[in-house]
Structures are given as C-alpha cells and as structure tokens.
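Two complexes come next, and they have one chain in common, subunit A, joined by subunit B in the first and subunit C in the second.
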Partner chain A sequence: MKTLAKLLQVLVTVAVSLVLCTGASSDLWSRDALPEYVIKAGYLYHFGQLTEWPQQTEATEFTLCYYGSELAGKALAGLVHKKINGQPINVRYIDDAASAKACRMLFIAETDDLRSKSILRESARLPVLTVTDSPALADQGAVIFLRPEGQKLVFEIDNELAKQAQLTISSRLLRLGK
Partner chain B sequence: MKHKFALCVCLSALISAGSVQGAAESSIDVTALSIEQLLNTDFIPASRIAQQISDAPSAVSVVTANDIKNYGYRTLADVLNSMRGLYVTRSFDYEYLGGRSFGVPGDYAGRIMLVIDGVVANENVYDQVFLGEDAYLDIDMIDRVEFVPGPGSTTYGNSAFLGSVHVTTKSGGDLNGVEVEADFGSHSSQRKRISYGKQFDNDVEVLLSASRYEDDGVHVLFPALDGWEPASGDPYSNQTVGPFKKNKNDRLFLKGRYGNWSIEAASVSRDVDNSTFLTFLEPADFENNSKIRDRNSFVTLSYHSDFGAALKSSTQLYAGQYQYDSSEVTSADFLEQHSTGRWLGVDAKFIGTWFEQHRILFGAEYRNNYQQDFSETLTADYYEGYVDGFNSRREIYSVYLQDEYRVAPQFTVTTGVRYDDSSKNGDALSPRIAFIYQPFSQTTLKLSYGKAFRYVNPWEVYSGFTPEEYDKEQVTTSEVVWQQKIATHLQLTAAYFRNDIDDAINFFFNEQKTNGHELGVDYLTEKGWSARFSIAHQDTRVDLGDDPINAPHFLGKLNLSTPTYGNTFIGGVEVQYLGQRMSTDTTEVDSEIITNLTLRSETLIPNARISLTVRNVFAETREDVLNDWVLLSLPDNDRSVWLQLEYKLQ
Partner chain C sequence: MAVGWFSDLKIQKKLVLINIVTILFAIMPVVVAMFSYEYFAVRQAVLQEFRVQADIVSDNAAAAMAFNDADTAYEALSTLRAASDMQRATIFLPEGSVLASYGRDNMAANLLPFSALEKRAELLTWDRFQLQVPVFLKDNFVGALVIEAHLSTFYQRIQWYALAIVLAAAASFSLSLWAAIVLKRSITLPLERLMASVNQVTIKQDYSLRPDVNSRDEIGDLSRAFGNMMENLQERDDRLQDLAFYDEVTGLPNRNFFKERIQQVVGSALRYKRRSALMFIDLDDFKQVNDSLGHHVGDDLLHVVGLRLRTLLRNSDLVFRIGGDEFAVIVEHVEDDHVPTMLADKIIQAVSKPCQLRGQTVKVGASIGISFCPDHARDSSGFLKAADTAMYAAKSNVKNTYRVYSDNMEE
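Right, the complex of A and B next:
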C-alpha cells in the first residue's frame, strides 16, 4: 500500500510535468548549424559528383539507394530534383541485397542489422559507392564512413575497397577525407 | 508531504513553463554548399534511440554522453542505476552493482565485468570494479556506456560472468578545445575539471584531463537496531550521526593516437573518511576513525594493422596497478590493511574475412597477475598483536575463436569458444552459440546459449568464502530477445533469460537458478521528447535459504527528457523503482522509488553549459543492504543538489 502511494505521488509529478510541457522545438543551436541529415545529404551529393563509375555515361539517371533510418529518407527527399553530373537523382529505398545492383550509391543509415550487412556484402562486388554512418559497419565493407567529430561531421574513405568496386574517387575527395 | 508536493510542482513548472511550439525545420538547398563548407559546418544531432555498438546477442542497454548530461549523472554508478535490470547498492565506502538476481552486498561488482575501451578494468585482488568517486574516469570523459547482459567469458574470459559494462571514452576530436568545469552541491561537494582535446590534421589525436572532487560527507538517521542491547544503552538508535563517506578524489586521464598506434592511461586516487564510524562489535566505544584510500591506474598501448583486405589485427599491451590502504582506529584497537595488485598482459586479436559467408575472429591473450598481496595488522588490548595476509600471483593463458556464419541474408549463427588456463585455478572452457534472425527489416529475434566462469580470487581464498577444492564458479545462460522497431521513433525490447549458477563463491548459497523477464520501451517525438522505460522481473531459487540476498523481484526505470523554454533548457526526469529485497538476516527491506530532476542549458551563455540536478527530490528513505551482520542496511533520505558549470574554449 505504501509503495502504491509512493508510486502514485511520483506518477502525479511526472504527469504534471508532462501536461505542462506542451512540446517544444525551435532553434536550439547557433544559426550556422544544420541538421545532421541535411549535412549528410549534402555529402552524398558531393560524393556522387567526385566519383567516377564504369559506364556511368550510359545511365539516364543517378540511382541513390538507402536502407535503415527513415531520417535518411527524409533528408534525401531534398535531393530529388537535383542532378549529379547531368543525371537526375532517383532516390530509392531498398531492403534486400538483390536490389543493390540497381544502385549507383548506397547509404546505410544508422543500422547494423543482418539485412544491412547482407546488402553491404552484396554491394561490395558491384560498382556501388557504399556509405554508412553506422560505426559497426565501418569496417565491414563500406567505402565511406561518415562520423561525428566534435561539432562537425567528417568522413573516412577506404580507397582499396573503392578500387575493388571499380570506382575512381577524385583526389580532391580523398584529400578531404580523414 | 505538502512541502514535497510544492517543491515538485515548482520544479515541474520550471521545466515546463517555457515550452512553446517550435519553428519548422529549415528548408535549405544543401547542394549549394561546397564540400569544404560542409566540413566546416556544425551539425545539429538528430534525435534518435541509441543503438548498441557491441556485437552481442542479448538485450543491450545504452547510455550516451547526451543522456549523462540530460540526467545530471555524476558517477558511473548513476549511469548504471538507470539501466534496465541493474541497481547500485551503496555502503560506507563503495558502490556495489547488482543485476540478474545477483546483489550480494560487499561482493563488489556482483558478477559483472567492466571494460574500458576494450580493456578489462577489474583489479586483481578482490576482482572489484569501481563505480563511484573511486572510478577510473571522470564522467565527462565518457562517450557512451553499454551494458551487455549474458555470459561474456567467450570473449573476455575470467569474470565476465552475468554481463559486462563497456565504457567508450571520448576522443580528442570530441572536445576540440579546452573545457573547464566547476561544480558545487550539497554537503559542500565540489568538483573542478580541466580537459583538453584536439585532433590534428596529420592523424594525431590527444586528450588530457585532470579533475578533483571533494565533499564533507553525509549524516545518516539510524534506526533502532533490533535485538541489539549494548550495556551502555544504544545512543545511535533513531539519531542522526555522521559525517560518513567523506570523499576526496584526484583523477588523471590521457589518450593519444598516432596513425595506427594509440595509448590510453588513467589514474585515480580516492580517500574516504568515516571519522565517526560505528563500531558495532564494541557498542560502548563509539569513538572510531576509519580511513580508506584506493588508488588505481592503468596504461594500454594498442596497434592496429591490416594484412590485406581479408585480415585485420589489433594488439593491446596493458598494465595496471591497484593499491588499497585502510586504517580503523578506536580507543580499544587498531586495524590496518594493505593490498597491492599489479598485472600486465598482451592480447592479439585478428578478424578474417577469407570466406564469403564467414567472419572469423580469433586471438590469444597472456595475462600475468604478478602481484596479488594483502596484509593486515590488528592491535588490541586483548591481543598481543596479530598480523596476517597473503602473497599471491598467477598467470593466465587464453585462446579464443569465434565464427559469424551468414546462413541466409536474414539469418546468422555465431559460435564461439574461449579456453583459459590459470597457473593457480586450472582451465576453463567457455562456449557460446547465438542465432540471430531478422524476418522483417524492423524485427530482430535473438536466441543464445552460453557458459561463463569466474576464478576464485586470492581474497576469497584467504577469507574462506569457499571450500578449497573450488577453483571457479560457473554459469550457464539461455536468452531469447525480441526487438521491434516501429519507424525510428519507437523501439520495443522483450527478453527472457535463464541463469544457472554452480559452485557459487559466497557465504549464502552454492547454486542459484534464475528466470528473468525484461521489457524496455524507447520512444522519441519529433519535438525532441525522449522517453525510456523498462521493467525487469526476476525469480530466483537458491539451494540454501528461500531468497537470494539483496536481489529484488522487480525493478523499474523511467527516464524522460524534453527541451523547454523555447529550447533554451533541457529538462530531465528520472524515476527508479527498486522492489523489496532481503537483507543478510532474511528480513525484508522496503521497496523504494527515487526521483531525480535535472535542468540544463547550453545556450543561455555562449560556449557554456549550466546544469542543476536535484537527486531524491521527495527525500524518500532508501535503504542499502549492507554486508554487516549487525547493521543490516544503511538508511539514507538525503535530498541533494548538484550545480555544474562548464565552459568551452576553442
């Protein structure tokens, strides 16, 4: 009974706090800062610009695939009407390894589940530029690993993997990577 | 009761009054920015449910640096106490970790291992891990903490018995400048810290940190001691006495990386002063002075290298030292104790990906506990003088192998085994098998079975904890986990586990069987609300007695945080329920509900973080079960305040 009374007291406090807080969201950060996934979408755009694929000129569009967090999907929607090297970007969600062959670039966002590993493994044999922000996938075959460093987002490039996938990453991009 | 309610409403109002509806996310054309500009743009972290990094087939709990700030955690004990199924018991001098139905007070970490950046951090005389002001790391040096339940001996060998706590520290780049901090709180507590971290362009990274903490101790209201009738009356029953647990510590932390080489070193020295300590064995003589000093340090050198695309390696050379000194002086006697533990070792780990569907991890470790010494001297009126102790040492050789086999894209089987051979305790084999199945992209099912062990340590042999023929205790664990994500904002975790402990090393039982059920919910909203709720139920049978000591049937945790005052502040509410449990004489100790509140801002003053935490807002009496046969629990109804001021120079 005593426990119940205590629990009730605590729950009332929490409820009061919750009811009074009607939710909030405004510019918590300095004006120069951008949301994490907006910056990541920007990076993907530039990775596309600064990489050469075999037979890339034959394609009519640039297929940018993603798997994992829906945050990535929301951010990539901002690239839908853009072009990479003259080719319109087609953003696609994939959730199995077989779909990877249709992708030029593949972003695996915030997951290291079994599907992500199998998709990544399948992509490694294809001319697909794989990018991830998941630390657990960084050493599992992704060409580019995006990670926070302090207040900034930085990226690491595994050029050996890129060469195996027949991708040519520009020296400018290689220089900027960690 | 009224003033408590008033206080709570005030705090709630403080957290919530400023809430406003927020602005929409900016719709910027990010392709207009050059890649160089992106590299120089600060990012606003997306709100997310923290995902585990460790490759464990169990239901892992994660606390990040952001959670540490949201809830004003001051020690690793605070962090662990917020996790599903874990609880911290505090005595006069140490914090003990309980979990998975094992909470024998005085038994240091229970049966859980502490791993800091991949290196085992238990000392080698008592197998203790330090969680309070005596812990290796200043809380602000911690990037994330993961609790991996289940047997970890397949990876870590000795002592990873019921689970392991993995601490990842911050790197130089995370600080990117100088941080100075000054904290103040109840009981004249204060902490000062200065840290510097930087990542230089040429692949060089450094982090240095020094901090000091001091307080004046707490006063405790003692209950009547049932059945205790000292000749001179019982002057401490229902009286406030103290101060106890007067703490002081100094910490140093260093981390550096140059290319594939990295080094990490930590040192902590902590003094506890219980100057009005009670001598229960001699009630007529309450004048007592007890002082304890624990000094811990470690250094690790690591080298990473790749042998082609299919083989990666990581080698760690480590050394550590533990020194314990205590003195307890009364007018009747004088007891002095000293322990020294020293160890060094090397661990070489390889990951091979030669075969299409296999990821093979293998390696070998050598650990030399070259000093494990203890001595005690007791001088009393009725003793001539009594000196005893031990000098011990042992070497452990280990090899391990693990294969992660992708049977199908959605199905993995991981099998592993580790063999340890100790010069003193014989050998041990720790196998584990785990099945992970992901039928849908948002659903993961895990099933695992494994064995773990813990060698008898020199202190336990000396104290007669266990018959001499026992070399080690063993546990067999089966676990089923179901994790369901619902979009990115909701995650459900349900787990069932069964532990069978044999040849247990303690005074209370030899065998223990536990069935446990755990449920966790993580929820986020787009407006920045974050909620984490968990409940754990454990049902345990021991061969001696009815219930295990200090192991509650139910534990509950609730953590809520939200931006408020137009996002100038972030408020955090934390509620922790610890169910009824049994003390050492089998009497029940009451359940408790502790509520903590934190309000912080990182935008009120540019480059500064201000944070105010009130712990135990309702001044609830919590009782910590002690390993003392006279005083069964240490009551504490202390409501404390903690103010943190941090300033960054970049």
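Right, the complex of A and C next:
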C-alpha cells in the first residue's frame, strides 16, 4: 500500500513536472485527465487550508473522501504526505451516504448518479466541505463547484450552504470564487 | 612650515583662525554623527516600509497564487499604486512562471527572481531596493513576490534633513564666530592701544607718554611693565641730559648747553632785531688757589662763584660754566649798553668778595669781556670771539676789570 502511494506520488510529480515543462496551463484539460485531477487535488488542498471546521476533538487526521472517477483518487493520493491544519491528510473512497459523516471534505468527481446525489444530500447536514466538478450537482447541495473557464479552472462557492454546514470559509477564498 | 606661517599672522587673525578651527572641530563630529544616524535610521524606516508593503501584498495574493488566479493576484499587486516609490512587482508561481506583474507608469517588464524562490532576499543599490518574498498559504509555499522600489522618498527626506543640519551648523558656526570676534576684541583692542602708545613714544620721542591700558590681565601687566620701563628710561634720559648739559660742580649749564643757546640767541637777535650781550668771565688767580689749596677748595670756590653769579642775574639772563675757571653770561633784550656794563661791575664786586672755604679765606678776581650782537658779530662764532678778545684785553690790562669789545682790539 505504501509503495503504491509512493509510486503514485512519483507519477504525479512526474506528471506535474511534464505539465510545467510545457510551460502553459492552456491545454491542460484536453490532453490527459490525470493532470487535470492533479490541479483539482491542489485546489482541494487549498480549500481545506482556507476553511474552518467546527471543533472536532477526537479527529486526529484530515479525512478527504471522494466518490466517482478513479482518476480523482489517483490524483488525491498525491496529497497524503501533506497536512491541513496540522492534521495529516487521509484519502478515502466512499460509496454510501452513511460513510459521509467521517469526512471533512468530500469530492464528487465527474458523476451525477443517484448515489452521488444521496451522498451529497446526507453530507449537507454534516460539517463536510462538499466539492464537485459535475455541473449537474452544482445546484444539488455542493458547497464548491469546480468548472473550467477558458483555459483555467475556476470555482463557485455557495457560502450559505457552507454556513448551514457550520463551515467558515476564509474571505480570501470567497473573494477568489466566481 | 605651517606653524611658521601661522606665527607670522596678526594675533587678531590668529585668534579668529583658532576659533574657526575649534568651532569646526566641535561641530563636524556632531554633524557627521547626526547625519549618519539619520541616514541609517531613515533608510531603515523606508526599507521597513517596503518590507511591510511587500508582506501585505503577498498576504493578499497568497490565495490567488494558490489557485493560479492571475486577475486577483494582479488586483493585490495594484494596491502598490498607493505607494509612490513602488516601481515594479511580479508574482512568481513555485515553478518559476509569472502569474502577475505590475509596473508603475506602464512599465510592465517582469522582474526576475534573484535568488531561489523559497528564500527571502534583498538587493539594495544606491537608488533602488529589490525585495523577494516567498509567499506561503498556511505554511504552504505558493510562490514568490518580487518588488522593486525607488529610494526617492528616502533621498528626499535625507535631503531635507541634511539641509536642516547644514543650516543649524551654519547658524551655530556664525553665532560662535560672532561671539569669538566680539570676545577677541577684549584682547586685541588693549594690544592695539598698547601698540599705538608705543608708536607714539617712538614718533614723539616723549617718554612721559603712558599706555592707556588698565585691565588686570597679562596685557594690563605688560602695559604697566612697559610704563615702568619708560619711567626708567625717562629718568635715565633726564640724568644723561643733566650730565650732557649741566656742570656737576656748580650746577650751572655747561659748555654744550652754552653752544646751543648762543646759536638761538644769535638767531633771535638777528630775526627780531634785539640786541644781546655776551660776557666771558675768567677768574683771576684761580690757578694759584687750585694749586695751593687743592682741587676740593677750587671746586668749592667755583660753586660759590656760581651761586653769587646766579643771585645777581635776572631770570631771563643765563649763566654758564664754559671751562675750568671760565663763566659766560648771556643777556638778551639789551636796550641800554649800561645794563651789561653795570652788571659786569656787580659781578666783579661779587666775585672778588673774599670767602671762607674749609677754614681758609680765599679771594679771587674776575676779568670780563663783553660783546654785543649784532653790533660786533652776526654769527655765534664771531660773537664768541669778540667776547673772548674783550676778556683777554681786560685780563692783560688790569685784572679785576671788564672791557667791551671794540674793533681795535684785533690781535
């Protein structure tokens, strides 16, 4: 398991380097899906940094859950060595609404199936920062919606939903949202 | 060399020069210290301002950098517009690409990072300051900000400060110089007065002049010492005058005095057409007294003769001892020829009266020759010669008599 993570990490690093060597963020999206998810993973990481969760005493790690595209999982694995608010990131795949309460952040990648909707609905009542990149879920209770705009990846933040979920999103992040 | 040049200066200039040098030595370190302190303090303050601005911008731009948001990053950079010295700023992403760039006055060329992006670095030249600040979002390195600022505000501030210091230094310099010049007068003025009175003494040859300096300092002492010295000089001069013009035995004016006086008498006799008479008196038998009774008695006799002559004469008449036993009398303003002849008679009577000297009765006689000016001569030597001739005529005739010069006395 560890070696796999290590391998993935190396892969991601190589991928990132490749992207950077081409020198542009322009045609990231069309070429390969993995670099796109690497970018998204970076975004998720920063979302985590710029959000405050209500006090959770027993939590010793930052659980980052995802559902949908396996590519997202591969990209997110690159975050495992990092920390958010001093807690190591733990990436976890979930496929039912009940598992959502263990998550701090939930990323629903490229899917809008029924299960994703029920997970999202369940998470809306919990202090979970929900992020999605599927347009169909944008208005289905996801706090942050990632979408490409021109050559860039932008995001929309629904701060009302965040407040309902007892999440405090940094003004710096809110200002960047579209 | 320099000291020689300095010692040739007048004291007034020396004092001023010393004051200038002293004041400069006193002011220069203060000026240098104040300026250096201000220079570094202001520079530190200005640089600190730049650092704070860079930190604010990087803080504002951190999130935008994390999300690769060029527009928001540029907005953050644009806040630098308020700081007039900020010239350029560029935000780099961790891998080195430019996210946003700002330039005052449409100068938008990107700055280059001058160190590893993760490192904070500063570059200070004489006119600009570059600062590279790594930017972190919650301890996560998200890129770097490089700014370039001009130091014009700094130089402006320093300029004003330098101007103020120079003005203050100039003011205190001129004040102390003014005070020094005023105080210096208390030294040089008495010196000048002392010098002036010394010059007066030299010019007028008058040793009775005294310097008018009464201060209690060294110059006062010098002036008093000078006054004392002049007093001594005057005393010595008077003494020399006495020795030169008076006879010690009789206290009468001597031959030197007589020679000067006779010139004046002849001069005024000719100029104002007043007649003057000259009598040569030679004591008869004086040599015998001197030889038999000794010089002391001889001198005493001369003294007595001198006294007797003086009591006979008017104040305006002058009697001289012109030789060993020779006396001369000048009588001015002679209107009547009988006046000098009567006087000659009285002199003969007075001189031939016996006198007691050291227990001895001593008796001498007097032979007198009289001449008149301008009647017998129109110059002093002729005047003298005429009286002398008349005197010898008297002596060769009968002793104890007088003769008035006449042309047939010529030998």
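Criterion: the second predicted complex is superposed on the first by the 141 of 178 C-alpha atoms of A that agree within 3 Å, B and C clash if a C-alpha of one lies under 4 Å from a C-alpha of the other, contacts with A are read in each partner's own complex, and residues count from 1 in each chain.
Methods note: a residue touches a chain if its C-beta (ideal position, glycine included) is under 8 Å from a C-beta of that chain, and two chains touch if they have at least 3 such contacts.
None of these values were measured; they are calculated from a predicted model.
Of the two partner chains, subunit B is the only one that A:Ser118 touches; subunit C does not reach it. Set against each other, subunit B and subunit C differ in how many residues of subunit A they touch, and the higher count belongs to B.
In the superposed model, A:Ala59 makes contact with neither subunit B nor subunit C.
In the superposition on chain A, contact is made by A:Leu50 with both subunit B and subunit C. By the document's definition of touching, of the two partners only subunit B reaches A:Pro148; subunit C does not.
Look at A:Arg175: by the touch rule set out above, it reaches subunit C but stays clear of subunit B. Judged by the touch definition given at the top, the superposed model places A:Val80 against neither subunit B nor subunit C. Shared contact residues of subunit A with subunit B and subunit C: 20, 23, 25, 42-43, 45-46, 50, 82, 152-153, 173, 176. If you check the complex, the residues on subunit C that touch subunit A are 60, 62-64, 66-69, 72, 95, 97, 137-138, 140. The part of subunit B that touches subunit A in the complex is made up of residues 4-5, 8-9, 12-13, 15-23, 25-31, 33-36, 38-46, 48, 51, 53, 55, 171, 173-176, 199, 203, 309, 312, 351, 359, 406, 409-412, 436-438, 441, 444, 487-488, 525-529, 558, 560, 562-567, 571, 573, 575, 577, 590-593, 595, 603, 617-618, 620. On the side of subunit A, the complex with subunit C involves touching residues 20, 23, 25, 42-43, 45-46, 49-50, 82, 84-85, 152-153, 155, 170, 172-173, 175-176. Within the complex, the subunit A residues that touch subunit B are 2-3, 6-7, 9-10, 13-14, 16-18, 20-30, 32-39, 41-43, 45-46, 50, 67, 69-71, 78-79, 82, 95-97, 110-115, 117-118, 121, 134-136, 139-140, 148-154, 160-161, 164, 173, 176, 178.
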